[in-house]
Amino acid sequence: MVWIVKNLWLIPALPILAAGLSALAPQRCRKLSSTLAIGSMVVSFLLSLCAFAHTLQHGGHGAEAKEYFNFPWFEFAAGSAGVLQLGWVLDPLTAVMLVMVTFVGLLIFIYSVGYMAHDENFTRFFCFMSLFAGAMLGVVIANSLLLLFISWELVGLTSYLLIGFWYHKPSAAAAAKKAFITTRVGDVLFFLGIMWLYSQTGTLLFYDNGAGCLEQSALAGMVAKATGIGMAVSTAIGLLIFAGAVGKSGQVPLHVWLPDAMEGPTPVSALIHAATMVAAGVFLVARVYPLMGAHAEGAAAETSALQVVTWIGAITAVFAASIAVAQNDIKRILAYSTVSQLGYMMMGLGVGGVAVGMFHLITHAFFKALLFMGAGSVIHGCHDEQNIRHMGGLKKFMPVTFATYAVGMLALCGFPLVFSGFWSKDAILHSAHGWSVSKIPFLLGVAGAFLTAFYMTRQVALVFFGQNRATHSVGTHSTASHSTSSKVGDAVERVPTDPHESPAVMTWPLIILAACAIGLSVIGTPAWPWFQSFLGQHHGETGFTSDVISLMALSSVIVFAGLGVGWWLYGRKPIQKAGEPEVLEKLPLGMHAWFAKKYGIDELYEMTVIRFNAWSAKACAFLDEWVWGGVVLLVSYAILGCSFVSRFFDELVINLGFDQSCDGVTRGGKFMSRLQDGRVQNYLRIIGVALVVLVLFLIWGGGK
Amino acid sequence: MTPLVGYLLLSAMLFAIGLAGALTRRNAIIVLIGIELMLNAANLNFIAFWRFSEHPEALTGIMFVIFSIGVAAAEAAVGLALIIAIYRHYKTSNVDEMDSLKG
Amino acid sequence: MADSLDQIFVLLKHWLVALLPPAAQPLVAVVLSVVAIISVFGALFAITTVFERKGLARIQNRYGPNRVGIPFTKISLFGFGQPIADGIKALIKEDLVPRAADQIVHYLAPIAMLVPLTLTLAVLPCGRNMTALDLDAGLLYFFAVGAGAELAVFMAGWSSRNKYSLFGAMRAIAQMISYEVPLILSTVAVVMIVGSLSPVKIVEAQAGYGGWLPDWFVFTPWGLAGFLIFITAATAESNRSPFDLPEGESEIVAGYFLEYSGFKFAIFFMAEYFGMFAAGGMAATLFLGGYAAPAQWLNWIPSWVWFFAKTMGFIFFLIWIRGTLPRLRQDQLMNFAWKFMLPMALINIVAVALWHFMTPGIPRWLVCSAVVVGPYLLMGHGLMQNQHVGKRVYRYAD
Amino acid sequence: MTIPFAIIAVLTIAAAVGAMMLRNLVHCSLALVVAFVGLAAAYLQLDAQFVGFAQVLVYVGAVAILIVFAVLLTRGGEAPEKSVFSSSWIWGTLVAAGVFGMLAWTINNSFASQREPAEKVEATVKQIGDALMTKFVLPLEVIGLLLTAALIGAVIIAMKEEKK
């Protein structure tokens, strides 16, 4: 057992330790806490590089490259069955995720040193951030579904803390609650799945040389059994676990929390969207992929849970992209694009296996972090302005941000050949095209690609081109007073000034990420699918076969179409004032309105819940007022009648005996009250007597 | 070695003494002391039965006593705190006068 | 030769016991160890008083006791006759008991003070095979019996019917209870590593000589932290300066033994010293390798010499501290116990657990040191930040 | 019936009686301490070292101090002038005597009196620790929880309620 494998736990432990220490530190020690967080991230990054190198030179591909280290956690019953085991696993999947998370996280930390410079809760921020990163790393290295779930919930908790970081804003508090509760919905099902899995296989370890729940014996056992509604147990469990993933990585119908999560500080959004939280869901599906893909021998592969994954992913992709078209908040647009990209990843996992989905996850992590931090820099430069209709023409004010942002945007759109996004998305589309069940996911994916290109062009055009529309209505706009109380620097002066470029500590991470967003494209091209084979997926054909070429051509055409339409609508003659009507409002049958209010999903949820509440309340009121009320009324009338009759009887007969009975009751009460005099010792005495009596009773044959 | 009966009688005696004190004394603290005595008598029983059992290696009696000592400590702390609170409220620690439920 | 010198007392005892009829042997063996303990530590007590007075005098730049010698001669034993003279004085001095005092309790208090502290000495391994009472639960015994002293303090303070005695007793009890917690927790660390409560086993666990240092626990991160916590808490446990509030002359005249005079007072005095010996011996046993020699080539020196050397070292440390540090304030005392020592002891336990579970090597050292030192700095920083300790300034009325 | 046991028993019972009968509350608690020590000695007689020491540590070291503090805090330090026994002490004594009679009678005619002790038992600290960590781990957790709750509860109850 190699040192790195045995001490893999150090990677998440260090950030968590840093969090603990900076939690102890007094609020003034800003530099201390940031140093702790960044330092721990650096060390974790180096460690995970060691791990990566280890998996490389141990480079058996795929399953045989797994190394894991299990230890008994505690023992709740005698025997080996009662021992609860935890552990961590080091395989290519883990290694890649580790490097990605630590690297992106590190850049985001550095970036947020600049971004949060004015916040007086700096220390708390870094404490939470490193806890967040540590929890995510815990999810990544876990070899036990239980450990994974623990870290998973830690991620949920810290996301709650961070989204609600500016808790003095009611919107932020509400968003935090929403995120927490929405993800809970998924997690409950996830937990059910875990318990079911445990009851089926008796272990929660993924790999435990042969005994793990993802290994052949357990899977075969679960596939053989069938649930009541006919699907295999493995499929049912897979679906339950997938529900957790749906909640965490914002798939339809649980995507509602993700856009609201924008209320947190921008580095948080970057971390949530790029590296940690939403990636956790995709990673979970990839981790339990054997369970998801398990299917009976006779049946086709698509009978497994993967089909659901594919459909959900595809729907999410188009759905969210179409919403993003009509948003005006720069961060919301990115949020919805994240949702749709996550849809792509799920779809990739469903149709193409681990490697395809994970490749898109990795590339997306880089350019999405880039986009968010770019957006953050834009917001920072525009004095906390978030509405893109109040920006414009920033190209000349912040050149570095513009350049890097453009790179990220092109990567997200999948601009052909040089950007990593193109290759990863193309791989997904390719395998979707090859999917044997139906072609609809492929078409949805294509549509999503078009929409992506379109709305990104729109955003960039509105933000960076045209002339600056910021001078009016700064401070009046709703989001303009964003976090004034926590950003000391901007709280004092709200005079509209020219936007400015951000400090170097914020721009350098952008540049590095931009470089990655381009450079990553080399590791996954069809010509040299190193990544795929590293993750242990042996493709039938590699290299540019004819249909690969044709698909690439098709998607390039789609992308160019999207870019072109976007530019034609927004870039050609940029809008002059913020108030101008949206071009898309000319679309037929009020589609734009639908997009703008997100298909009314939120309204739908609230209305349904509220309607139901109100209706049941009315029903109860009705019952109470008429049924019970009526009964009571009737009874009372009956009583009145009876009493009227009985009065004579009463006065003549009862009264004679009544006084005596009263006296009897009084005497009884007196006697009782003597027993019940509130003195402890009397009670104790009675207990003593009772004990004697009881024992004697038991001894003299009362026992049997 | 003293026979089991000796220990049982000793603990019964202690139990009775504790009970008598808890029943007859006025002061709440002494009542609590009596209860502590009764607890200890029970502990003595546990230990004695453990020592005289067929399977002493099971350690059950010892464990019982360890846990009951812990519980007794908690009980003493809370009980005395209650007595002090009552004293602060009624200016008395006499159980005969603490017979009303409402403060 | 060295071995027989090492075991000389053991052999002597066996020889003496063997002289007697077998029926009486166990009893006599016990009596012999009791006598040995009482006489040895009594003699140590006598010598230590002189050393303390002389040492304090040296620190305060004056002469200590230097006159008392053999009567009717010119021979002065550099003042080492002093304890005898003091003993005689204490014996023949009038024994005053306040009229209002609770006679019985007032009489019992010194005994109740001295007996437990003497009993604690029994489990200390004074040398190889030289443990009077080799218990499997020795450490527990040590603390259990030592806890009796608090009650004695209360008896003394309460029975004197004197305001200051009662204050002193209350202070002493609060202080003892508060510092008993970190004291015991710091020993838990050692117990976790050794896996036994028996002092002898603990000493044997530190017997080896790895590398250029002996395997004493004080040479590990957690051991060092535990040692510091232990000696601090032990100093407070035995009411020594700078934790000597219970007998602070300037505030409460002499604390709980204010109303005692003559030999009873001497007993209190003695009990306090026995407490110091017990603490020092336990510190040596737990962290400084007990009777083990600090280096291989020093093994020819008998083990009991090492034990008593380490114990007396602790005593001299206490004397030095007493001559050096000012007295704390009550609230500082309590804050220090509950807000600093207790968390540090708990964190130290975490460090021990890490130490136990990680593979030996540099990373283990680094991680454990980080776990111990980081909170130490942070908490120290947090506790000191709102009190400004600066240079004392002298102002003159004008 | 060995000599040490006789001494212990007499001492313990005498101390217990004293703890229940003495007028001065502080004397009562000191007598109680003696009774506790006697019980610990009885445990040692029964080869239960660990429990004996734990008894001393917990009761003499902690509970006795608690009781003494409570006595002083409730002005119990000086002996009251009126009777220390409650109005209905006769009944209490009778009930206690009845309970004792019943217990003694039961013990005497129970088959337990024929029990023979296991010749050599030892409960080393290591065994106890192992048992606590494996078989009795759940009760251990629960007791820890209980002690924490008791600590907080005691503090909150005894806290001085602010003047309204």
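The first chain written gets the first letter, and so on, giving A, B, C and D; residue counts start at 1 in each chain.
Operating definition for what follows: a contact is a pair of C-beta atoms (placed from the backbone, for glycine too) under 8 Å apart; a residue touches a chain by one contact, two chains touch by 3 or more.
On a predicted model such as this, the values are computed, not experimentally measured, just so you know.
Enquirer: Name the chain pair with more contacting C-beta pairs, choosing from A-C and A-D.
Expert: Pair with the higher count of C-beta contacts: A-D.
Enquirer: Please tell me the distance, in whole Å, between the geometric centres of chain A and chain D computed from their C-alpha atoms.
Expert: Comparing mean C-alpha positions, chain D is 55 Å from chain A.
Enquirer: Between chain B and chain C, what's the gap in Å when you average each chain's C-alpha atoms?
Expert: It comes to 34 Å between the two C-alpha centres.
Enquirer: Using mean C-alpha positions as chain centres, tell me how far chain B is from chain D in Å, no decimals.
Expert: 5
Enquirer: Indicate the residues of chain B shared as contacts by at least two other chains.
Expert: 19, 23-24, 95-96, in rising order.
Enquirer: Got the chain D residues that touch at least 2 other chains?
Expert: Those would be 50, 54, 62, 86, 91-92, 95-96, 99.
Enquirer: For chain A, give me the residues that contact two or more of the other chains.
Expert: In chain A, the residues touching two or more other chains are 681, 685, 688.
Enquirer: Select the category (line, ring, star, complete, other) that matches the graph of chains linked by touching.
Expert: Per interface graph, the chains form some other shape.
Enquirer: Spell out all pairs of chains that touch, sorted by label.
Expert: A-B, A-C, A-D, B-D, C-D
Enquirer: Contact residues on chain B for chain D in the complex?
Expert: 1-10, 12-21, 23-27, 29-30, 32-34, 36-37, 40, 43-44, 47-54, 56-57, 59, 62-63, 65-67, 69-78, 80-85, 87-88, 93, 95-96
Enquirer: Please name which positions on chain D make contact with chain C in the complex.
Expert: 24, 26-27, 30, 33, 49-50, 53-54, 56-57, 60-62, 64-65, 68, 72, 77, 124-126
Enquirer: So in the complex, the part of chain C that touches chain A is made up of which residues?
Expert: 358-359, 363, 370-371, 374-375, 378-379, 381-382, 385
Enquirer: Across the complex, what residues on chain A touch chain C?
Expert: The touching residues are 3, 6-7, 17, 21, 24-26, 29.
Enquirer: Mind listing the chain D positions that touch chain B in their complex?
Expert: These residues of chain D touch chain B: 1-2, 5, 9, 12-13, 16-17, 19-21, 25, 28-29, 32, 35-36, 39, 42-43, 45-48, 50-51, 54-55, 58-59, 62-63, 66-67, 69-71, 73-76, 83-87, 89, 91-93, 95-97, 99-100, 103-104, 107-108, 112-113, 115-118, 121, 123, 127-128, 131-132, 136, 139, 143, 146-147, 149-151, 153-155, 157-158, 160-161.
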